[in-house]
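For clarity, chains are labelled A, B, C and D in written order, and residue numbers in each chain start from 1.
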């Protein structure tokens, strides 16, 4: 470990810079959320893929299957809920049947309730509350592989035209993606960890990489506060790039360990 | 060539993938019926892992963390057996913490079956040389509690017997642990790195499944872990290095054939793609890779 | 009393307070605070274990509905409930080191768990065979990297062509690793930002507030 | 006892191959039976683990006079109100409490392991350990920077940024190839290890092959006669 650059009295040594970074996220986050001004946000290609997938299903008269993951309330699942909302709205408007498998973990009962609220809300907002059918959002048990088996059962029985699998799916994702390919559905997925991402990129028709999913979710939600989130994330990404570039340049030209000492502080 | 040639190309591009499944099944089982004994090489990664093991001295205490379900054990088995044989042979003291409920089945499979004879040979006994603490590290909080006040947070072993009077009396905090050996199927228990490695500078070696290797390489490069044994392949290399042949080396024939089958199918797929898909149909196969 | 539980402010206050209790001690040097935080954390991990009952309840309810409505596969649900109840009963009565209980774990959970992960080898296999086709520069890069690493990983080629090792190690250890590193750095801020939104009361849906706001 | 071990081993092989019939892509009763057995046993096991955890901490602690476990049990019981929609609001307090603590634990350390350590590990002297080191370290830095630039959303990608992002995207696919191969090795290792446990010791081999063929034939027969779909879950 490099020598410390500074210490804050009372703060554990070696943890001050981390604390400053976290506080920075809090301050920037609250500032951008309060400001309420919509930042520019690039339209992620996934959004077009989703529209295409839903459109294709509508044309073929097949249902759309959209899932938001098996995990509890995390970064990926919250983003997936925005995407689910958008898909539900499109389905309601185009009279396409929407299937949403839920469950998969002990934390999924809480997410399930939110998902039901969202889908119901979108059908109501589109003026077709009677089209909402709770049987199309079955609870497939709180165990991961039973959920997977149920999910695959839905794929085989209902033969959806599109499968939009977003949010926090783990090892069952490959299982679902290959099966969905077998039944001829257009498959859109998102990877939540690196090896999963590489495998899903091969298995699915379209994949949202790294944090494209939260970006797409924020874009579709049009909620200024979610968009502000993306802004802060970008600022930190740029900050990390700057730290790397400056750190490497300074260290290798002058031998000064400044940035690493700052990071270790 | 004529029509038949075209059909062969079409077959290469669009064959039913279940034939591939069947072939994989056969190619994995065959070499087990009739071992071929193909040679293997040892990677630098495994050599470094062994160097880490060699820093331990007799009587050192290792936190032996098994954060794997039973299925992951199938992949980690060669590495787990080889590493534990090294520990046993060199008189290292172990306290085993399970990070997953299915770990219970592992105790049976590993300690009571695979290396039972080996433990008897070196007179490696429960209580004196190793202790099983059971599902003691379910989360970060438990790990922190163990790292800051070991005696306060751990009182009994997995069967509810007191651990007083054993070698664990020597541990007050994480600083008294000489090494962490983590056998894991994922990030494992992040608490090990966060609360023991980062706080006390304890070296940590890891035996990781192939799926989660990218993350482990990253941690290895950042110095958060000091040794890495990669999947079954790493385990069999360690078997070779410590001269204790086991299941890993037997698995290597099937391993080689499985890999070659995929490579062959990739070649066939490409011939089919250029010979048929590209000419006949504009519709691409279902994949993001374009 | 129910206003207390229902109040958004009260729940938010508990969320923030428990966050602070967990968060602050890591950064400041006061041992007593640390100890208190550890105690609360131990409590929270015990509390978390209680949710299993909700899981079981949902499972029973779902299965009973299948049985009542004679839906496809209802017989399996009878089997499921009976078997599950029996095993729980055995576990509670004789403890989990009991031979019968251990037999069930070793003979059912262990092989099935190995299958559900092992089967992914087949899915990886077919996805690879389908996707690794040289459609473009991107796909070609994927194939080149993939095949080199595959050849190295296959023990035979790894030892017959030792020259391949540095390339494969470069691809996994250097190129693959930088992807993981980028991923780790990119994802962390967003995760913390989500927590900022939760702590400032903007994302309380997880407590079930969404439903009431709408109605 | 010997006989019992034998029966157990045969049973394990049988249930495993029943579950492997999933690969055929059609439902059949063998698979359904294996799946439901797994679900039942797995859930029961989770229950036992949760109970053991509560017992080893809260119950034993209480017996030793540690009163701090009383609120833990009360909060845990409050969680159960999630079942009754009318009173589910009571469960919010334990949920807020556990989520708050969990959040704190994740944030406070992940900033070090995922952000600071990773940036710090990228900043190293690149000239002092030979050309290979120089090359590798440069690749890591360039890889991280260019790939990251591909994932910036609130700025338009143009000019040099476009170059960087495009390079990053290609770099990423190169990495995917390597990662995919590694993942394949892992899953294959798991499968091979699993099969190995059914093929060794050698006495198991005829039984394993026999059961494999039996399950395969039964599955095909069920599929051809149409009974497979009818009898499956």
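FYI, a residue touches a chain if its C-beta (ideal position, glycine included) is under 8 Å from a C-beta of that chain, and two chains touch if they have at least 3 such contacts.
For clarity, every value in this text was computed on a predicted model and none was experimentally measured.
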Reaching subunit C from subunit B through chains that touch each other, fewest steps: 1
Centroid comparison with subunit A (C-alpha atoms), farthest chain: B
Pair joined by more contacting C-beta pairs (A-D or C-D): C-D
Cα-centroid distance, subunit A relative to subunit D, in whole angstrom: 18
Whole-Å gap between the CA centroids of subunit C and subunit D: 6
CA centroid of subunit A to CA centroid of subunit B, Å: 29
Centre distance in Å when subunit A and subunit C are each reduced to the mean of their C-alpha atoms: 15
Touching two or more other chains - residues of subunit D: 22-23, 25, 35, 38-39, 42-43, 45-46, 52-53, 82, 95, 99, 101, 105, 107-113, 115, 118-122, 144, 148, 151, 172-173, 175-177, 179-180, 182-188, 190-191, 194, 233
Per-residue overlap in subunit C, given as positions that touch at least 2 other chains: 26-27, 41-42, 44-45, 51-52, 54-55, 59, 96, 105-106, 109-110, 113-122, 124-128, 130-132, 138-139, 142-143, 146-147, 150, 153, 172, 176-177, 179-182, 184-187, 189, 191-192, 206, 208
Multi-chain contact residues (two or more partners), subunit A: 15, 18, 22, 73, 106, 109-110, 141-143, 145, 171, 181-182, 193-195, 197, 199, 201-203, 210-211, 230, 237, 240
Of all residues in subunit B, those that touch subunit C in their complex: 17, 20-21, 24, 38-41, 43-45, 69-72, 74, 102, 104-105, 108-109, 138-139, 141-142, 144-145, 148-149, 159, 213-215, 217-218, 221, 233, 236, 252, 255-256, 258-263, 265-266, 268-270, 273-274, 277, 284-290
Partner subunit A, residues of subunit C touching it in the complex: 26-29, 51-52, 54-55, 58-59, 62, 116-117, 119-120, 123-124, 126-128, 130-132, 176, 179-180, 182-183, 185-187, 189-194, 196-197, 200, 202-203, 205-206, 208, 210-211, 214
Contacting residues of subunit B [partner subunit A, same complex]: 17, 210-215, 286-289
Interface residues, subunit A side, partner subunit C - complex: 10-12, 15-16, 18-19, 22, 25-26, 29-30, 33, 72-75, 78, 81, 103, 106-107, 109-111, 113-114, 117-118, 121, 139, 141-143, 145, 148, 171, 174-175, 177-178, 181, 193-194, 197, 199, 201-203, 210-211, 214, 225, 229-230, 232-233, 236-237, 240
Residue ranges of subunit C in contact with subunit D within the complex: 2, 5-6, 10-12, 14-23, 26-27, 39-57, 59, 72-73, 76-77, 79-81, 83-84, 87-88, 91-92, 96, 101, 103-122, 124-125, 128, 137-139, 141-150, 153, 168, 170-172, 174-179, 181-182, 184-189, 191-192, 195, 198-199, 206-208
